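One chain, chain A, appears in both complexes that follow, with chain B as partner in the first and chain C in the second.
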Partner chain A sequence: MQAARTLSLRKLFLSLLLVVCILSVWALIIWFGGESPFKGFSFIIEGSLGNHYQLLSTLNKMVPLILAAAAVAVPAWTGMWNIGGEGQLLLGAFGAALVGFSIDFGAGIVNIVVALLVSAAFGMAWAAWPAIFKIKLRMDEVVTTLMGNYIAAQLIAYFINKPFRDPRSPLAQTPYIKSSYVIPYLFEGSQFSATFLIAIGIVLVLFVFRKKFIMGYEFEITGSNSDFAELSGVKVKKIKLLSMLIGGALAGLAGGLLVLGMTQRVMQSFSPGYGFTGLLICLLAFNDPLIIIGIAFLFSVLQTGSVNLQLFSSVPAEISGVLQAVMVLFVAAFKTFIVGRRDS
Partner chain B sequence: MFLGAPPGAPSSISREVLPILVCNNVSKTYPNGLEALKEVSFDVKRGEIHAIVGENGAGKSTLMNILFGMFKPTSGEITFKDKQFSPKHPSEAIGLGIGMVHQHFKLVQSITVAENVVLGMEKRFQNRIGKINNAEMNSSVSSLIERLRMSISPDDRIQDLPISKKQQVEILKVLYRDTDFVILDEPTAVLAPNEVEDFLEFVTGIRDMGKTVVFISHRLGEVFAIADRITILRRGKVVGTFDKKDVNRESVANMMIGTASDLSERPEDFVRDEIVLSVKQISDISGILKNLSFDLHEGEVLGFAGVGGNGQEELFEVLAGNLMLSSGEILLKGSSIESLNTLERRKVGLAYITDDRMKKGLAPDRSIVENSIAGHHKSGRFGKLAINSSKANAFTESIIADYDVRTGKNIRTPVRALSGGNMQKLLVGREIAYDPAVLIASQPTAGVDVAARKLIHDSFRRLSKSGSGIILISGDLEEIMDLANRIIVLYRGRAVVELAYPHYDTTEISYYMTGIRGSQNASCTYS
Partner chain C sequence: MDMELITTLFRTSIRMATPILLASLGGALTYHAGIINVAMEGLMLISAFFSVVFSYLTGNALYGIIAGMMASILISLLYSVFVSFLKANNFAIGFAINILVSSLTLFLMRIMFQGENAFNSPDIAPIAELKLITGNYFLDNYILNFSILTYLSILIAFVLAFIVYKTSFGLRLRVCGEMPQALTTAGVKVGFVQLCSSVLCGVLCGLAGAQLSLYNVRMFSREMTGGRGFVALAAILISGGKPKRILIISLLFGVFDALSIKLQSEKIAPQFALMLPYVMSVVVLLLFHLKTRKRLKNA
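So, the complex of A and B:
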């Protein structure tokens, strides 16, 4: 990121060109959908930021996106690919739900903290085995973490269908968590809660960790050049393992916060692909925690805004996925020119 | 014109044969300021085997890459087949009939010899629906195999062939494309001694077909076995081109390695009696190093000379703790360190200058500060948990000032933006800042300019004066002779000779380096 910060005229120009390219293709797509681009954009903006409820809803949607993106970013600092955010998130959600409907420690705050820790631990466990396989057996973590998503999905499907199914429910889902586990909403009429602050806080901590801490420095040089790091006395394997564990914990926590802050149970199709959206956000943000917040906000605006777009025009809400993909394509294409080529 | 010089009368290259290739004052300076070639002029005659010899870093690879269209020369001109020659891409060079066989094979393992040879040109054997006529393909390849008197079948699968045959397939591939100018880049490096003889016969066969062969090597035995003429490169310059009959191995070795600098200008030596590092009978698990033993005294510079690939890299890795020993022990001030990892070895007083600053010595994409504190970062001098940036910056600034690192803008710029010499000075400064008991330096001045070289050498002298021992592994004999109190020559993983200052004789050392003398491996006639 050093190179990205040294601002030159050429980089500024390319960045502007990138934004113009993305906006114009977005406009084209909305236009194809049968709405004037200008109106289309204003529907999206109104729908996501128009009033205080919509704004809160947009912010609330950011929580899993931010953490799922951070779950990719932290391992990426050390040169590891964590494609398993989706599975880690599902297991984390299940872990929080499991604690939430079965145990009660008495005090609400203790309950919530324990449930969140368990969700982080579940996510961490789901990242641990690919990391160990990678380090001990040199198995490609891209493959194992990706496959882990499908295993996790089927595992959760089994859990909510058989052993942990809510007996009173006709649907495959866990029982509701006890009310003492629910993270309270802060504003009437909105699901916005302290989960947002937790997510932002964690990302800020990660930012400081990366920039200021000796271990963060070790993460960075390991990712930049692991041979160099090894010769400089960094325990490269330990650092890589640790980064994956942190990544898994973050994804698990995303699941836990979703359960405690919104859904209050785990059901069929719990996640609409938060893990994969997080991966995209992380790629767009070049693994930088602060940029992740910005990109997550943008994604969230697109998602909530496109619902509004569908209400008032002929453009379907699914357009948000297309718009996100356009952004990813252009950023990937421009990245080489703006940031410069980075040797692995 | 002798353009159609009859094949089959090779060893009597007449004086009248016109050169197929002429290089005239070709220079190449890399963007980082390294001058790889300086006004190189020589010619290659049609139908000869022309050997190009030189130490590692003499400019052989650069020269060949220019001929093959991979790099453009900075200045000078090349004539090939009487025409101005400036290929922009290897495909242009191939089109003109130049073929290059690299050290690393580019073959598809699972398909046959003929299929590999024809790959890329298979269209000519396809019928209308795209099916390849195998019989036709095989016969076209086997006619070439017969002309070369090779003992392989076009039906053999590459994966079933030994390395020496794979290499012949590479050459077959080149010749199949109507190549008449074949460049062989250190072709015998991958071969076992007993395969070398066969291979050299094969190369002679290629010449006998009327092709021109450029043979790059630093093994003089092989060169003298087959070459018609020899061009010697040293530090980017041509020392000369000679008919084989006018020179002998000894004189070529001498010209390749160069004459010693003035030994009388050496400063006093700082060697003390205490032994700081003691290496006893070590062999490594890759089987390269064999029973290597030496002692390093405080204040001493112990030089390891040798042509690249004779165990230097393994020695470094073994001392760094990245390569396991199969036997022997390493003692630092009397206590054994073989079981320690790199970090622990650094803690007990070792420091490392690697030969590859871009891959191992530095993280090029990270800033100068981040690179400067690496390895020191756990010492506590920049804080226990969080990095104290003002301390880190001050430390970086002190290295920059002491070692005259020209950083251009500021210490937050990525190291990649520095020139090679400045990167190296940063790396050397960082390692010496440890105040190591033993500094292990591998090729510490490779590819740096004269001023940086002098600065690095001066810093080594200061370090030995303070009592540290230095292991200097270098392909640059002049550097070793300038600095070292003793020289050990490595050949095929063994210490073949140990010389003490001032009994350094370049000629003698060059014999040991090229295996003319001191090699105990009797089975190997060509090394």
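So, the complex of A and C:
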């Protein structure tokens, strides 16, 4: 343990080598897309951090990414795999929209809180059945949560096509939420809103929960050695179930915040794969809430920057997905050498 | 129900079952070697893409299949290196690879064909069928005239059943999964056996992807595998990796796919038809687990 903490020259060298490797493969991919790497990188940086509107937009895009990553991380603490973030997020978004266009509680703050709670509950419900199947029947949660994504996508497609479709719209989408539900933008000309602060706040709470609370510790030991946890009196099944429910709630909340803070309705192709990007972020962050914020920022830079790259060159914006996944593979490869094989 | 409808359903079921069968046979090999393969989705997708590209460029489906297989083997080797030699978590790497392939295929499609979300062209040569018209309705519709990969896949199922349970390679494969220390003691490298199983898995998932994009449909579209890699994983978990059982379960999943396609033209909302294969894979998995739990309780 002591040896692992001391910063050896070898580790420093390997970490630098890792960064160089990632950057050079990124450069290669940009070059393959038809742009000189140097220009490509500068388009990405300019498009995401160039002026304060772009910076705000980059920060704003972090909101669903942070929460979708946390939705994978919390179950991962107890050794559960939540691949269903995408579906949970969709249901959460729908829950928030459903409350938002149909009910009014009078006060804006009450409305927003209720809508967000409903979105969390919807996401939680969608994580509950795979968790229960896993705990009661040992059904593989990777398969069930993943199937859940496809089922949820079709369910939402049905909802916005038939029973909850906006009658005045030619497209399949829900009506707009009432204006009292909208989380206001903080700066003119930007969609940046308090949703960012909410997301950061939640991650900080998770960090404190993990490090400072007894239950957080119970999550940890359940994940690292569930037999030991069971013997020490931890209710392993309850902890695992709880971690999945929290994960589902976080993903649902991501959907709710997207609706209240940005789209104000649920439409076709609502999520461009937030759930899976969240999974990648969580893998890179080794399930740590604080690192999630940093990686989410980097991914958001890549995503907003890639749109700019597409505008000014022949490189399609889908490049961001390739860059992200390549980074995950490189980090996984180097992790063995930098951190060691302890927790493989 | 009239005869025509049953025949159409049967033929569609077989057509849809073939990729699931091929992929789950491939995944079963790594399953026996001790790796739960979650990268099958990506393997099928990359093969579906390169099959279409090379079939389009050369006008020959065989080159398409070979290119798809090569790509799939390459990705499978990558997966295996991470899992067997770098000891990375197989789920983490599997999903990273799936997402990589999903965005890479889209990225390449945009660069190469300026396509939006799909690429199709009459120049894509499809996989040949076993064309034989005997005049007998049953023979013509139920036995003959399927994709050659369908026949190949059934043959492979029986060959694998033999290899896994009757040959020394099969023995090593199973020991590798069940008791890797014994294999090490016997002087066989665990990583090497896993690598071999991964190459074979790459071959089979490659065939599966080619069947999807060169026979079932003749195009490549974004994420066209649609979770079939995980349906295949469900088939492996249910069958315990036994090739003959996989044959039956894949056929069952093929039937659900066929029903889903058929129901889309009926009165019910198409979304529920599209949902059907996924719901049914969960249901089948659930029934299987309920049954095993009962058996455990009785024992």
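Things worth noting here:
As a convention for this text, the second predicted complex is superposed on the first by the 334 of 344 C-alpha atoms of A that agree within 3 Å, B and C clash if a C-alpha of one lies under 4 Å from a C-alpha of the other, contacts with A are read in each partner's own complex, and residues count from 1 in each chain.
Just so it is clear, contacts are C-beta pairs under 8 Å (C-beta built on N, C-alpha and C of every residue); 3 or more make two chains touch, one makes a residue touch a chain.
These numbers were taken from a predicted model, which means no experiment stands behind them.
In the superposed pair of complexes, A:319 makes contact with chain C only, with no contact to chain B. By the touch criterion defined above, A:227 lies against chain B but remains apart from chain C after alignment on the C-alpha atoms of chain A. By the document's definition of touching, of the two partners only chain B reaches A:218; chain C does not. Within the superposed three-chain model, A:253 lies out of touch with both chain B and chain C [touch as defined at top]. Within the superposed three-chain model, A:172 lies out of touch with both chain B and chain C [touch as defined at top].
Once the two complexes are laid over each other on the shared chain, residue contacts for A:80 go to neither chain B nor chain C.
When both complexes are overlaid on chain A, the residue A:143 reaches chain C alone and has no touch with chain B.
When the two complexes are superposed, the chain touching more residues of chain A, out of chain B and chain C, is C.
When both complexes are aligned on chain A by C-alpha atoms, no chain A residue touches chain B in the first and chain C in the second. Against chain A, the residues of chain C that register as touching in their complex are 38, 78, 82, 86-89, 91-93, 95-97, 99-100, 102-104, 106-107, 110-111, 226-227, 230, 233-234, 237, 269, 271-272, 274-275, 278-279, 281-282, 285-286, 289-290, 293.
Within the complex, the chain A residues that touch chain B are 2-3, 6, 212-215, 217-218, 220-221, 224-225, 227-235, 342-343. Within the complex formed with chain A, the chain B residues making contact are 320, 322, 341-343, 346-347, 352, 354, 359-367, 370, 373-375, 377-378, 382-387, 389, 412-414. The residues of chain A lying in touch with chain C in their complex are 32-34, 81, 83, 133, 137-140, 142-144, 146-151, 154-155, 157-158, 161-162, 276-277, 279-280, 283, 314, 316, 318-322, 324-326, 328-329, 332-333, 335-336, 341, 344.
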